[in-house]
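Next, two complexes with subunit A in common: one pairs it with subunit B, the other with subunit C.
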Partner chain A sequence: MANAEPPKRLGPVVGLVIGLFVVLVFAVVLVPGLRELGADVVGIVDASYVRSALRFTVPIAFAGMGGIFAEKSGVINIGLEGLLIISAFTAIAVMWLLGDQGDAGRMLAMFGGVLASLLVTLLFAIICIEFKADQIIAGLAVWLIALGFAPFGSIIIWGTVNSDSVGSFDPLSIPLLSDLPYVGQVLFRATPPVYLMLLAVPFSWYLLNRTAFGKHLQASGEDPKTLDTAGVSVRKVRYAGVLLSGIYCGIGGAGLALNAGQFVGGGETITSGRGLIGLTTYLIANYNPVGAFLSAFFFAGLDALQLQIQRVPGIELSSTLIGIIPYVAVLIVLTFVGKTRMPESAGEHYESEE
Partner chain B sequence: MNRADLERLLDRLVDATVLERVVISFASLLFAIVVGGVIVLLAGIPATCRDPAFVFAGREFCYDPIEMYLTLFEGAGAFGSLTNLGLTLQETSVLLFTGLSVAVAFRAGLFNIGTQGQMVLGALGSALTIVWVAPSLPENVVGTVVIVPLAVVVATVIGGLYGTLPGLMKAYADAHEVITTIMLNFVAMGIAFYLVRNHVGDTTTDSVQTTPIPDFARLPPTIDGTRFSILVLLFGLAAAIALYLLYERTVVGYDLRTSGLAPEAADYGGVNAKRNIVASMTLSGALGGIAGAMYVLMVHYRWETDMPPLGFDGIAVSILAGNNPLGVIPASLLFGALKGGSLQIDFALGVPPELVEVLRGLIILFVAMPEFFRMIGSYAGYGTDGGETDG
Partner chain C sequence: MSDQTGARAGEESSTYAVEMEGITKRFPGVVANDDVDFAVERETVHALVGENGAGKTTLMNILYGFYEPTEGTVSVDGVPREFDSPRDAMDAGIGMIHQHFMLVKPMTVAENVVLGAEPTRFFGLLTDETAAIRTTRDLAGRYGFDIDPTDRIHETSVGEQQRVEILKALYRGAEILILDEPTAVLTPQEVEALYGMFEELIDEGKTIIFITHKLGEALEAADRISVLRDGRLVETVRAAETTREELASMMVGRDVLFDVTSDPVEYGSTTLAVDDLVVEDDRGIRAVDDVSFSVQAGEVFGVAGVDGNGQSELVEAITGLRPVESGTITFDGEGVTALSRRGRIGAGMAYIAEDRQHRSLVLEYDLLRNGLLGCQTLPRFSNGPFIDWDATGEYVDDVIAEYDVRPPDRDTTARSLSGGNQQKFVVGREFERDPSLVVASQPTRGVDIGSIEFIHNRLLDLRTEGIAVLLVSSKLEEVQRLSDRMAVIYDGQFMDVVDPDDVTEEEVGLLMAGERPAGGGQ
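Then we have the complex of A and B:
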């Protein structure tokens, strides 16, 4: 992608979205029958819908925010999807081994997931940084290995590609705050992975934009030579960036599985492309963690429609068709929403001239 | 991927000799087999089995990797069983097309991860064509001669169009084809599932599938007791040779390659790079569609949800083949053998056949890091040098 291009051209897209919205509002008000339908659809957006959307946001947002660190450092990590799978599988396996130990056990399971993801990420980092592997192909390999290994492991442990049902995280109410109308229901009666995510968003933004480490990270992706000249090891910064993406994916994958209480290994597994949707979120948001979180929430909202739409009488839509909406949304966004300027040296190896 | 990336890729393609690529492929295979063996060995500890393969240090190991690999190759028909050989060749024949599909895109510097989706839709298109057209045809050779090519053409067109889509997105909107093709896989599976379950499927069963295709639309098995048809194998071999000639001997092939690898250079040379990117993806999708038709005509005799991941296997086949259409032939045979034998390791030893998918990923991983082997090579080289000096 040519670097001279303007980073974004959002104008026409915003116009299009607003235009569509206006048309929709007119149609709903004027066409008989649609008004009732409109009321039903609006009725979908209740506290429980937003809560499930937030739960669905966890893997996408963590993959997205983690991906930012890797790519900003100069290593494109397309293996985010595979890391989510590894972590989800490991977390459930640990849960199953531990038996029900309450939230402490679940946090331990989550830690196990993060550790597994971190281990695989370390291998990926070594392969990319030391052995100068093609990052895209190596990332793809990480995904495909996970796609094979997780169902393989599931059969070894549980006899089928899907795990037994283990306990899942219960919502944790924060005293007082959870009594707030609506907001309290949504934000302060959530599961631990959701809280972690809400904390990780400002943390990631701060880390990337306000710390020396963040500046090194950006320089490592944009202009490694200058960083090297300044006496900072590009290699170490890249390891840190990639490993951070592993930790994030670990939390995201374990959070996804422990929110569900099961690992599903059939087809594309329980993660179903959410790591790649995460990758899309930061491309849309131009590597801003806050923007990545918001777009993750948007895609997760579409994802959660599947659960909600069945509650609306009168809408005869197949849940399979609703299920593909997030993927179609990704395609539309990638096609019509501006070009993202990737870090100058992303995807390239850097040879230090010591 | 930015321009410097592409130039690096082009450099590497020029630098790497054919011999080097063959060595890297074999070494990758070897390493994947070793790592896969270790995984099986370790998986044998938590696994439950009636009689463990061996006991070491008080631990029961359910699986013996060497026995497992021997069983795998026996299951693949390596030791003379005709039915097993048929199974391997049947897998090989379909893999030829998915492997070529990925290779064609790779040749132009494009990653088509969407072969799976193109295959799913191609398979559905051919199955439905047969189910709908067959009743108006005579149930004899005439019917076969009409319906088989028709099914293949429909699958080719559908797969091709579905490949055009990410091609257009790549060429005109700069949307990365790895992401778009994976998303399109999900969309393809969703649409196919929806159509078959709600509209065009066999409504007499609970399974999400079409009605079976009639006997005269099924390709005649070449080996008794299997479904392998040599027609598909020959068709696949012909396609591989034709594509090799296209890329090595014709201007069109040269333009297709350069358009993806160095669009600016292609444009400068008076070639419409964008159009060629779309053409490469369309050709790639068409081959994926054909793979789907072959699956219906030879393997499953109907479309059913949860098709095997032959499209993803195609990625490994192509990468192992160095993206060379002729190299796809032995690589497909290898993967055909792995898939053919995987049933046997499950049946005889209880090793989950998903192991083959792990091997698939490992092979891709190792091929992706030629530097690793160069390092090992130079390390070994130094070792020999040292030995000589000592001696």
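Then we have the complex of A and C:
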């Protein structure tokens, strides 16, 4: 049968292992003198490294998990990248307008980012669901509009494509737990967006797999007619799925900007493709939010690593070349992922016949 | 006519589970149902028979609230009802089991049964998986259905999927079950099991209506049979008091010949020769295991067997859709084992695929473009590097006229045609290409009786014209009636090649079950 599925997915695991291996070989063979610097490299992977990797994970994981909800409902949202940009810009703009109001102000800025992302997503949802636009084109439009609008807004507010530096989230230590060796250092001295992400992972899994809404979401992407016949409105379910992706991207984008304390509007902007990487994380994970988070962490870890490697003295390799390590790794992993099973009706419009 | 129906059906009981009176349904340009009176007694099995396009499905769509009738009334258990949506009909205890199952494939049986009405816990926050499984298991147990609630749908057989559909309806409180062509996709054993389920359901007080165009099934499984023709109810009769011939003439409006006579024909040279063929299926398991045979020009070579014994893989290997592991295929004296699909079309191999909606037609295309499918590179339909649409149009119009495709309009999409008309179109397209070999796989599956007769006669015409025909079908009587020689396939091997006029059904049945004849193999 064409729809037979392999019972287990070893592909991603094998892919991740091979990806890591290739990156290591790449590093050791191509970078002269790295072996001597082994001690330095090992020294890189300390608690502060993992902490920064987790911070890097925030936008990718939120984009990835959000994308799952949209696509599971049957609407492919490749506008994730654009939504991150919109949210990042709005959050920083709100921060700047408010002035330094402490953590409360930062949460408000985050809320502003989420709201902006949600509004754009609502527009995207209406275009895709009511007017039956091509989802890929509409998603590209979201990205391109954000890519143009955010730097434009920056110029209006700050006079350049980059924002002024505004306050960023400080790490929040959780009493007692943060005193645990290593784990406490890594997990319990993080910034609020990181905590939100760590909570969002199990939340998303439960929402998708253990709630009636999650089942309807999956049915809507697989076989909307069946869901409709069962008396559930496909339209409402799809709106909910897409809007959830907007909320997630809102948190991710605002979290990214508020961790950095600045909006960068040049080039691909501050997000630099993390929304698109988010898209690949859920494909690698076959639409499992936990897997999407792990893939995001893998990528963010490499991203943090390449930044560290650039700082190791004695490495005479172009920083641009080192900078591509994470992207090359994603390519390699994707090669080995094998079968990702897309929801059968993803990308297809549904019109109730009643 | 309808008065007589009422009198006949009213003899035993005064309460009907369903009463539809004076139902007329008009679509733009078509009257699908014309003043139909249809009544179903409680706790009986009622068959609704008729050719494709006779209005059976429209009538049932009205009953379960998918369409509103233009005129007429619907009563359930003696209470007049107006349904605005299937939801209303569901609330009134009417459940519909569609021909194409409404199941979410990656989900489990239990998840599908409760979809849209999930049991929950923690104040409705989370679904109660164990309750869903328990409810499904209890329900299946009560009606004697053999099914595991934790299986995923794509792991289950078609028969099991049908049971899930029935469970879905029962879970939602259905008292009256409507089944649209329930046997179309089932194996003979599964059909028997379905009839068994009907009995269990009747014993539990349910009422069953099923749509079919197979008269044998209506006679075997139903208590009463209503015949529809051209949107009108011809008559409602007791199954015990009628015959197949009587039903057939009611359905078609004239006498139907059930025996197609095939006069012996002089065979020509060998058109297709298959030697020691081995083919693997999608999972890499040997599906065709060392098969050899040949088909002569002017001969119909039949392959009988229960579905899934390697027929699909055999046909795909011959038509060039599946690679061959070992062995050779020779066509018109040339080795074609490695020839591309396009090459084989060009060489004159026509193919009627078993799954017409996936393999033979692009449903969104109109008939003009569907008529060109597969022959877009033939010189006959091209004009230099361009497609010759005028030639294509003429060809398609000829096919539509010759093969009685309705509606006769080359601008309609394939999707809007009924199954029988889709198939007639495909058959016409393939036959009119001047093939020297026709590979016909399940050529009459899901097709109404009038179209079956038509397709059978066309196949025999080809034979008279000296064309070789390879006929693969899971309908034994079809293979037996049309073939000059008949192979029985089991587990990828030919059990025997026999003269269809010379064997009994029992003998063939044993071969189909995998028992080799005492005399030895091929």
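Everything below uses one rule, namely that the second predicted complex is superposed on the first by the 309 of 354 C-alpha atoms of A that agree within 3 Å, B and C clash if a C-alpha of one lies under 4 Å from a C-alpha of the other, contacts with A are read in each partner's own complex, and residues count from 1 in each chain.
The rule we apply is simple: a contact is a pair of C-beta atoms (placed from the backbone, for glycine too) under 8 Å apart; a residue touches a chain by one contact, two chains touch by 3 or more.
All of these numbers come straight from a predicted model, not from anything done at the bench.
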Fit or clash for subunit B plus subunit C once both are placed on subunit A?
fit
Is A:V186 touching anything from subunit B or subunit C once the two structures are fitted on A? First, second, both or neither.
neither
Looking at A:K132, would you say it contacts subunit B, subunit C, both, or neither? Reply first, second, both or neither.
first
Considering only C-alpha centres, what angle arises at subunit A between the directions to subunit B and subunit C, nearest 10 degrees?
80
Please determine whether it is subunit B or subunit C that touches the greater number of subunit A residues.
B
Counting only touches as set out at the top, which of subunit B and subunit C does A:T229 meet: first, second, both, neither?
second
Have a look at where A:F336 lands relative to subunit B and subunit C in the superposition and call it first, second, both or neither.
first
Scan A:A219 for contacts with subunit B and subunit C and give back first, second, both or neither.
second
I'd like to know which partner A:A141 touches here: subunit B for first, subunit C for second, both or neither.
first
Looking at A:I324, would you say it contacts subunit B, subunit C, both, or neither? Reply first, second, both or neither.
first
Least C-alpha distance (whole Å) that remains between subunit C and subunit B when both complexes are overlaid:
5
Across the two complexes, find the residues of subunit A that touch subunit B and also touch subunit C.
1-3, 344
Subunit A-touching residues of subunit B, taken from the complex the two chains share
1-5, 8-9, 39, 43, 46-47, 111, 113, 169, 173-176, 178-180, 182-184, 186-187, 189-191, 193-194, 197-198, 306, 312, 315-316, 319, 352, 354-362, 364-365, 367-369, 371-372, 375
Mind pulling up the subunit A residues that touch subunit B in the complex?
1-3, 78, 127, 130-134, 136-138, 140-149, 151-153, 155-157, 161, 266-268, 272-273, 276, 279-280, 283, 318, 320-321, 323-324, 327-328, 330-331, 334-336, 339, 342, 344, 346-348
Show me the residue ranges of subunit A that touch subunit C in the complex, using the header's touch definition.
1-5, 206, 210-212, 214-216, 218-219, 222-223, 225-227, 229-232, 341, 344, 353-354
Hey, which residues of subunit C end up touching subunit A in the complex?
66, 85-87, 90, 102-107, 111, 115-118, 120, 124-127, 129, 154, 168, 282-283
